[in-house]
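What follows is a set of structures to go through.
In the two assemblies presented below, subunit A is common to both, partnered first by subunit B and then by subunit C.
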Partner chain A sequence: MNEQVTVFLQHAFNGISMGAVYALIAAGITLVYGLSRIIHFAVGELVMLGAFIALSVWNWSGEFWLGLAVAVPALALIGLVTERAVFRFTLREPLTGFIVSLGLILILQGTAVEIWSPNPQYSQPPLEGSWDVAGVLLRKQAVVNFAIVVAVLALCYLVLMKTTFGKSLRAVSDDPGAAALMGIPVRTIIMTTFVIGSALAGIAGWMVLTLGLITPFVGAIYVLRGFAVALIGGLGNIQGAALAGIGLGVAESLAAGYVGPGWTDAYVFGAVVLILLWRPTGLAGGSEGAKL
Partner chain B sequence: MLSRIAPYLGVIALGGFALLLPQAQLSGQVMSLATGAVIYSIAAAGLGFLWGQSGQLTLAHSSVFGIGAYAAAVGAKHFGLDFVTAFPWSIGLSLVAGALIALPSLRTSGHYFVILTFAVGEVITVIEMRLESITGGVNGITALPGAQTLFGLRIGGRTDYYLVVVGFAVVVFLILLALIRSRWGILLRGMRENEDLSRSLGVNVALHRLIAFALAGAVAGLAGHLYMYFVKSIAPESFTSHLSIIFLLVVLLGGKTFLLGPIIGSVVYVFVPEFLGLSPVRSQIAFGVILVIMILLAPGGLMSLPGRAMARLRARKKTA
Partner chain C sequence: MKTNQIILHAAVAAALAAGSTAVWAQGKKGVVKIGINETLSGKFVAVGTPPSVAIRLAIHEINDKGGFKVGDTTYTLQPVEVDNRSEGPGVVAGMTKLIEDEKIKIIFGPTVSVLANQAQEMTVPAKVIHLSAAGSWQSLGYLNDPKKPLLFGTQNPLNALARTEIAAVKELGAKKVAYFSADDDTTKGNMGPFLAEAKAAGIEVTTILFPYATADFSSFVSRAKAAKVDSIHFLHPQNSAPNVLRAAVELQAIPKGFSGRQTGAAAALKLAMGKPVPVPYVSAQSTPDLDYPSTPKVKAYAERLRNTGIDLGYNVTFSFFTYDFVHMMAAAMTKAGTVDDTAKIAAVFGSMTYDGVAGKICFATNPRASQYDGTLVSVRNGKVSAKPVPSPCK
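This part shows the complex of A and B:
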């Protein structure tokens, strides 16, 4: 194959594996926002916690996959606790929920520094090596991660579209008042989305760990990409988040590969700004958002 | 008449008290903390004005503060500007930056705008890190000169600089107070409460919002300038969104519609961890908890608590 094509495909593949992580985070953001109208900005810190919990379990047990098995329920529990302790009191005033999440950033980040120290930490992913497909190196771990993301998002989609629970959830998203009148337990459903959204962040955290270094401060990187993806896909839209996540990952990887890696963040966030200016409610169309 | 000038006298009295503080023979460390607290209160006052009066929240405030600091630092390092001659640049650039950040608010609102300001802040941080020839990259700019003179007066040491900072704070708070009490202040609050109604009455909402943002930016830039001449070394990591959250906390602690709120907020923010001997990380956790508790239980700020307690007592008496 032409060498230039190979290089291009290599960048694209690297982008897809990173984009899958963004899609996962964005799906959680979109679910939580779709039901509670809360911009949960501490989701980056949830990803970071997922990564550190997985790392600790791995260091302790020597089993990398056990890290995933512990991180996900642990994060689901954090989601449950934060919803019960604070977010449920902020449903009337979504801006309050947003500010609460800013407070959570300080709390979760500080706690992580206390427990794990501020130094970068690294883990050896369980699957090493890569498959060579026509000159393009597919890292085994990245392929497995991608498969997990596809499976998880497909599961989310099926639950949303095919189950009674999913139907209730969509009803609450459309019109909480009418849903409540139909006997749907609105509060419980909203609580559940916080649990699911946090669990998705837990999976994403584990994946971040498989892909490189982590520090207690990586949250900001992921929250903004997560929101970028959720916005581009349209807040409240899971399929949009999946596509936009992959799209962002690929665009980022191509920009880093062909223009230079140093400015990647600037391109990504610059693009967010431009997209929001061009389509103030996201590309796929979403809700207007509460007035501040 | 007295009720009209009382608030101004209050600001001046508070400023006078702050100017007398060095007479108490406080330790150098306490004076440093006090200087930091006053600088934070100036920056937070800009955010408080924007949020409390026009109802706009931004997470790029720390970046605009940083632009003021960088303008002062680059001016000192590359252009031979000193404490006084750098002011037009630091204030001017941050004023423009503030207005630019406001531009998107004309097209997008609510959640989308807040996320957008966060993104703008991140872009500014990346620029500070990557334009190495000007900003010094990740390491920033170090070994900068201190403030030497102001209006012919020599600024000798820490105490002198504290007095200068307090002087600037008094001027800023007096200006903000006059603006809040002016017709323009009423106009902004009208826009905050009902944008459509204001527009229907012929108010140029976009223009006034832009001016409010530019003003908040200029105030933040002034504070950034004072900050740079205080710490004498700056780096991109000092101006991340983390600091914006702190400004928000400071405003919220004091109460966002209360002019002097930022002073109360920043004094609490700077001195309480020091008195309790908390490590920076522990105090970060503590302030996260305080931020959550404040927004849930006392969104009007610490100053609203006595009033609310009184109201509750009165209500209890009535029922009894």
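This part shows the complex of A and C:
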């Protein structure tokens, strides 16, 4: 294969694997927003907690994969607790929920610093090396991460589109009042989306751990990208989040590979601003007419 | 962080209590406050913690020995620490407290360049002796500026550091190297001397700067590979070096190996892949190494640092940016015969040679940056060797 093409494909794959993680985080954001209209800005800290919980499990057991198995239910539980203890009181005023989520950032960061120290922590995921596909090196862990994201998002899609629960969820997203009149337990459905959204953050946290380095402040990297992806994909649109996540990852990677790499964030978020000026509800539509 | 601070406060208090039985000279007693403005929380916490802990350790040791004499008065040191939270407004608020409220005349930190640049704008007019390892103080000419005679750089001169870094690249046998670093003031300060030394050595450099908060380095490493480099040389943030190293190994981007500034042996032995990396690796250190100590003094210091019980993390060698300078400052005050006249103290401090843990320490004149022992730590096939880079001070 032509060397330039190989290099381009290498950058594209690097971006797809990272973009998959963004998509996962954005899916959680978009689920929660679609039903509660709450902009849950502490999702980055949920990702961070997922990473640290997985790290602790790995350090304790020596089993890297066990970290994933524990982080997901642990984060689901945290999602349940935060919804029951905090967010359910803000459902009538989503802006209050947003402010509360900002406070949660500090609380969760401080908790992580106390438990795990502010110092960087390292992991060494067991899958090392890469597969050579026509000169493009696919890092094994990145391929596995991508496969997990595809499976998880496909499952989310199937649940949303093919199950009674999914129909209820979409009904609540479209019109909570009408859904309630039809006998759908709106509060329970909303609580469940917080649980699912947090569990997705748990999976994303484990994936962030596979990158090698985590700190209690790592959430900031992901929350901005997660929201950018959710906005581009259209708030409330899970398919849009998946595509926009991959798109953002590839855009970042190509910027790092071909233009001034130090300004990668500026190029990418500049493009996000332009897209949102052009299509305020995202490329795939969203927010007003949720596409759950 | 608070827990760490409480532990250290308790340790210092206990040590002082124990030290009350030490020899206290007859006559007058006094206290000199030492200000610390560091990144003790926020995104640069891993940079600011080791220098801060080292200052407290040095103060503890000086006080434990009964303090130091200036004339007929015996002085002890009192640390006054502010956490700038890794933010500019925090630096300003902290300096206001140290300079205006506490009337402190000797201040350390911040270590991070962009914050240290802001900090010196307050200490210079206040005629405070201000010490920082910030590379930008050298590159921006602050340490050459006759109007800023009380600023002291506590890291080796940048051109000396660059020479050590190029020695590391040469040890790998690389002729074309990718220079990896975050796109920030610290890099801007250090990159020029590196590029100049590389040019002089006939080494071609491809510069790859990335956003500070980068998690996945695959794309940047792929860019280096596309440029057909022999090796990667990593500047900072040091704690990202293991990630870059792993990506570079897995993407087969570094045929000759990997080098870094102050990245330590642990990156290659364990942190990157959980086992020794399969490529040659060299860490060019502007300080002695604590895991592979070059002298008994360094070995004993490493032990004392560990005994504080505080996990200083990946950047533990940053403690050398302050530790010896507290002892040196006390010696300078004794020699100058004053604890108040900062110009007089600075004149003595800047011209003395001090035999510290990091070897013989003295200040270059232009820039006013300290010089002390460095180290080249090499890892090949899991075996570590350390080569001292001796201080030029006599």
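We adopt the following convention: the second predicted complex is superposed on the first by the 286 of 292 C-alpha atoms of A that agree within 3 Å, B and C clash if a C-alpha of one lies under 4 Å from a C-alpha of the other, contacts with A are read in each partner's own complex, and residues count from 1 in each chain.
Here is the rule we go by: contacts are C-beta pairs under 8 Å (C-beta built on N, C-alpha and C of every residue); 3 or more make two chains touch, one makes a residue touch a chain.
In this text, all values refer to a predicted model and were calculated from it rather than measured experimentally.
*Asks:* In the superposed model built on subunit A, check whether subunit B and subunit C fit or clash.
*Replies:* clash
*Asks:* Once chain A of both complexes is superposed, is A:94 in touch with subunit B (first), subunit C (second), both, or neither?
*Replies:* first
*Asks:* Scan A:270 for contacts with subunit B and subunit C and give back first, second, both or neither.
*Replies:* So A:270 only meets subunit B here.
*Asks:* Just checking: does A:30 make contact with subunit B only, subunit C only, both, or neither of them? Give me first, second, both or neither.
*Replies:* neither
*Asks:* Looking at A:102 after the superposition, I want to know if it touches subunit B, subunit C, both of them or none. Which is it: first, second, both, neither?
*Replies:* First partner only, subunit B.
*Asks:* Looking at the overlay, what does A:220 touch: subunit B (first), subunit C (second), both, or neither?
*Replies:* In the superposed model, A:220 contacts both subunit B and subunit C.
*Asks:* With both complexes superposed on chain A, which partner does A:257 reach: first (subunit B), second (subunit C), both or neither?
*Replies:* Only subunit C; A:257 stays clear of subunit B.
*Asks:* So, A:113: does it touch subunit B (first), subunit C (second), both, or neither?
*Replies:* In the superposition, A:113 touches subunit B and subunit C alike.
*Asks:* So, does A:145 touch the first partner subunit B, the second partner subunit C, both, or neither?
*Replies:* A:145: touches no partner chain.
*Asks:* If the shared chain A is used to align the two complexes, which stretch of subunit C, 111-119, 129-137 or 363-371, clashes with subunit B?
*Replies:* 111-119
*Asks:* Once the two structures are fitted together, what part of subunit A is touched by subunit B and by subunit C alike?
*Replies:* Touching subunit B in the first complex and subunit C in the second, residues 113-114, 220, 262-263, 265 of subunit A appear in both lists.
*Asks:* Please name which positions on subunit B make contact with subunit A in the complex.
*Replies:* Subunit B reaches subunit A through residues 55-57, 104, 107-116, 118-120, 122-123, 126-127, 130, 240-241, 245, 248-249, 252, 281-282, 284-285, 287-292, 295-296, 299.
*Asks:* Which of the residues in subunit A end up touching subunit B in this complex?
*Replies:* For subunit A paired with subunit B, touching residues are 39, 41, 86, 89-90, 94-96, 98-100, 102-111, 113-114, 220, 224, 227-228, 231, 235, 262-263, 265-266, 269-270, 272-273, 276-277, 280-282, 288-292.
*Asks:* Across the complex, what residues on subunit C touch subunit A?
*Replies:* Per the stated touch rule, the residues are 1-4, 41-43, 45-46, 49, 182-183, 208-211, 213, 215-216, 218-220, 222-223, 225-226, 239-240, 242-243, 246-247, 250-252, 270-275, 311-314.
*Asks:* Under the definition above, what is the set of subunit A residues touching subunit C in their complex?
*Replies:* Residues 7, 10-11, 14-15, 17-18, 113-114, 117-120, 122, 124, 128-130, 137, 139-140, 142, 208, 211-213, 215, 217-218, 220-221, 252-254, 256-258, 260-265 of subunit A touch subunit C in their complex.
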